[in-house]
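In the part that follows, the structures are each spelled out as structure tokens.
In the two assemblies presented below, chain A is common to both, partnered first by chain B and then by chain C.
So, the complex of A and B:
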């Protein structure tokens, strides 16, 4: 009886003292036929809905949560395998600062993610959570050890024992990571200007060899080490990763080891920030199912290091990481001309310059049965000189931005971009000429009064090579979709804090194929109240690529109405 | 499964004893720009209100909001003592750029790095920008998603309401 009493007392506090929070989002699209942009068949899909609801429960050091997802069916441009409804994610965590244990679906990252990163990105339909156990131990100040063990989410595939599965080759992922922050750990270094932290990880997958043609290694290990240094205004970070041979559908079943190196050097002071990043990856796709394609069951994350554009035309050609190898560099400067100077004016002027370029790595042939071959299935693949850069350029972006508040009512942002985009490699349009374009935009906000404001955007994209009348073959016509020159205009009226009304038109006026010179007109109304956002838009959406965090999905052209409702509590 | 639930329930009751001060700050540890661990559950501003805003270097409205906030921040601080924590949800692709970016823009906020979205998930942020206002006890008194021109004024009104 006493025991029961205590229990109910605890149960009481367990309810009273706890916090429950959560969020919901629903994106629904109603599709209609639109001969004008080539949509002559909806394939029986008039409506698509992506929705999720999640609830988090926290009580002191304990927390638990779950996420329910529904794709009924999935929106156009999302993977077909998402179609379904169910409890996609649940977890329970106890973490008292010294030790933390999580059971269920785990999101975590070791270092910059070169050997392990599980995450979820709703707008991409991407979720590679690890279902299993994670333990974190922090034995001393500045020292953290982590261990993870489990299997990754693969759309709605059940997590069953191997024996019961038919076409599921998913392996088990195991990983450990340690990080030592010298400044937090060593008292004499607490307030030192010199900062240093070290980290190392080891991750392996245990997979099943189901191949009839190749010998697939059943254990594949990958290791990484990282160093972060800072001195005063300078900071340097670097991480190197190595993976043993891991033949897969992505690398064409070659038995070559993988490597990745990523470094950055930066300088920052008030009003000025400079950063240089370099990266080299070679055969670093790492999946818990060797037959996986696209972003299926990625264990690691290879971050692209180019600039992320946010305006419509500049973001039309967004780079996505090439998993089989690339060499990339990026240089960025952010500078604010101080207030009160001739050029700075009353509010200061913000300038930004960015340059990034990505090239292929150089691959040399290897000997196989008396023949020299490159990237042939079942061979060692190729050799690659670590420091050689191939002439094959995937991407280049040089841009300059000025952001200026002119007076208390007017604010202007303008950007010029010079872009090179190898559409053949990045989007797989075989034979299509690379996109070489100049892009510019002007984004002007005018504050009518304290509550109301007007904003307009003017954007242009001018391609160098693909001009009007470009000779194309009828069979490769589809490769010219979205090519050529574009213009974009937007007008938005907002009433703070609730309402926004906007109309926009994106016009492919310079497409080499006359019938592709379409207008993509959209109108949008959105209403925000605290943490709730409701957005209704109608019109045409052009074919394109949506990228978040360097991971992209292609969105087909569509026409219709979209409703988004999102809320947090 | 049943046994697991019973076990979990038992564990929960055991921890139920350690009743804590009720706050809306999750026990998530992320890093600040200096690389130091920050336990979010322990965020305070000496009993004064504080703001936690989620942003990213690739989020246009977030940058607008932060530029606007940065302009009024000295006045707000002088009048209310409020503190702003700006949580960057940039992943490893852009983490190294956050510090030069923030300094280059001249922002004065306390910047935190939520590299793998742990805090974003724990605080149920669907899309940035998303701004929370906490009172001196760590209770959420106001939250807002999105940014419209002049939206910082509404936040300030909310701050004034809880200013003691």
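So, the complex of A and C:
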């Protein structure tokens, strides 16, 4: 009886003292034929629905959670392999501060992710969770060790055995990471202005050699070391990663080692922030299935160092990280002209300048059976001087932004962007000339009264090359579907805290192919109630790419109605 | 505390030592010895005349076929999808059956290895062919196929007999499909850097003699030496070059997501 009573009390507290949180989202699109933008066939798909529900439970040192997903069928532009429904993710964790153990699906990152990062990004339909075990041990203050072991999610493929029937050759991923925060560990440094932490990781995949012609390494290891330093207003972080031979479909089965280096130096004070970042990656795609392409089964993550644009036209040409090699640099300055000055006015004026550029690395030939070759299958591939930069430019973005609150009713943001985008490399449009464009926008908000406001956007994109009227082959028309000059206008009326109405038009008026000079009208109504948002929009969506953190998916042009319902608790 | 640190250092060292296979750069290539079995494999290459990456991928597939044996690996070029839609003077190789097998995919080139159609999970890229062929070629042979063609040059009438024999007992939903292929057609194809006006199209799928899904072989148990002969008569299109035409026959199991069990190919004359 006593035992039953104790159990009952425990069970009661498991309910009463627990915290439960969660979120739900459904994105549904109804598609219709639209001859005007070339949609003459829906391929039998009138409706696409992506949805998920996520619930997390926490009770003291214990937490557990699950995510249910449904793609019935998946929205256009998402991978077809997502089609299905089921429990995509679940986990249970016990962490008492000294030791933490997680079983189930693990999302984690070592350092900046150069050798290990698992994450889920709903807008990309991407999830590379590791199903297995993670152990975290903190043996002393400032010292953390982590170990992970498992197999990655591959759409809905089962985890138990290799499923050759569906060409699933996933390997096993295992990794360890250690981090030492000197300021926490050493009492004399607790309050020091100089801050330092060191870290190191090692990750290995065990894969299956399925090749008929090449010896594929069954164990591929990657290691990384990192240092974070800060002194006063300055901060410096750097990480270097190295990977042994890892022939794969991505690198054309070459046996060269991979390397990556990322460094960031920043300075900040009130009203001023300066950041300089540099990055070099060489053959650093690291997947738990060597035959994988696109974003399948990435074990690591190569962070982009480019400005993230959020407005419609500037975000049309977003850079997608090139895993086979790139040299990149970014410089950003944020400055606020103080309040009360002639230029700062009553509220101050925010200025931002950003420049980022990405070039290819230099590749030199290697000797193969008496011939000099570059990137030939079944060879070392190439050699590359670590500090040399190729003339082949992938991307450049120079932008300047002013953000100004003029008075209590008016707020203006304006930005100018000068863009270079190698569409052939980034989007695979072979032979298409690079996009060289000037882009500008004006985003103005007018507060009508305490509850109502109006916002309008005017945007323009002017592409240089198109004005010269270059020739295109009839067969390559599709490569020019979004090329040339664009104009965009939006008007949004908001009644806080619930309603928002907007109409917009995106017009490709300067497309070199006359039949592609289309209007993309949209109308949107959204309603917000506490943490619930319902949004209904109708109209056309232009072809483009959606990128999050340098990882992208292509969005085909569509026409129809979209409904999004999301809520959280 | 020291024990824990020592444990992690030891674990790290063990992991590092046991987790890296460095391949000797002078010993990358495996000596390929074909397995003794008679299992054949069909690669369906879903391609398009306006697909710039397709010629390179087709070349890679043919290189694999050449290395593995042209009597064991067959390639059928199925033109389907947006990039197979011709404009101007580009040739139109699309077929009803090919479009059905393509199954509303949105890109080219795509391959299937021993599957009758592109389904979720079996659409492959060029880099995945090698590994899939490894698996397919090591599977046991369950059927044998013999093709006898009779072609009348004057009337262009073609009589086809495909004999399918069970090499072992088998339980499944079996269908046999008989296809007509034409090799070495010259025409316009988009290639990197422009258009090749004299591109040689290999093993172009021209259509089936018995529909996209073929004819039923058995809907249940099959016993060793069970034997069926499929006979078809057709008139060869006047634009086809009879010297370069082939009949390709395969048997597949619908209950295994359309898995092809055996393939054979014969010239029509």
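Keep this in mind: the second predicted complex is superposed on the first by the 560 of 569 C-alpha atoms of A that agree within 3 Å, B and C clash if a C-alpha of one lies under 4 Å from a C-alpha of the other, contacts with A are read in each partner's own complex, and residues count from 1 in each chain.
We adopt the following convention: contacts are C-beta pairs under 8 Å (C-beta built on N, C-alpha and C of every residue); 3 or more make two chains touch, one makes a residue touch a chain.
In this text the structure is predicted, and so the values were computed from the model without any measurement.
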item	value
Touched partner set for A:522, first chain B, second chain C, both or neither	neither
Dominant contact partner of chain A by residue count, chain C or chain B	B
Touched partner set for A:350, first chain B, second chain C, both or neither	first
Which of chain B and chain C A:185 touches, first, second, both or neither	neither
Partner chain(s) touched by A:97 [first = chain B, second = chain C, both, neither]	first
Contacts of A:453 with chain B and chain C, given as first, second, both or neither	first
Partner chain in contact with A:117 - chain B first, chain C second, else both or neither	first
First (chain B), second (chain C), both or neither touched by A:390	neither
First (chain B), second (chain C), both or neither touched by A:26	neither
Set of chain A residues, in rising order, touched by both chain B and chain C	none
Sites on chain B touched by chain A in the complex	8, 11-13, 15-20, 22, 24, 26-27, 29, 34-37, 39, 57-60, 67, 71, 91-97, 99-106, 115-118, 121-127, 130, 142-146, 148-151, 153-154
In the complex, chain C residues that touch chain A	1, 4-5, 8, 11-12, 15-16, 18-23, 25, 27-30, 32, 49-50, 52-53, 64, 67-68, 82, 87-88, 90, 104-106, 120-122, 124-128, 130-135, 137, 190, 192-195, 256-257, 259
Chain B partner contacts - residues on chain A that touch it in the complex	7, 10-11, 13-14, 17, 19, 21-23, 25, 54, 56, 58-63, 92, 94-95, 97, 107-109, 111-113, 117, 119-120, 122, 142, 181, 183-184, 195, 197, 228, 230, 235, 237, 264, 266-275, 277, 301, 303-305, 308, 310-311, 332-336, 347-348, 350, 352, 403, 405, 445, 447, 450-451, 453, 455, 494-497, 500, 526, 528, 530-533, 549-550, 566-569
Chain A residues touching chain C - in the complex, by the definition given at the top	43-45, 80-81, 83, 137, 139-140, 145, 147, 155, 157, 164-169, 174, 176, 178, 202, 204, 206, 210-221, 223, 244-245, 248-250, 252-253, 255, 291, 293, 378-380, 428, 430-431, 473-478, 556
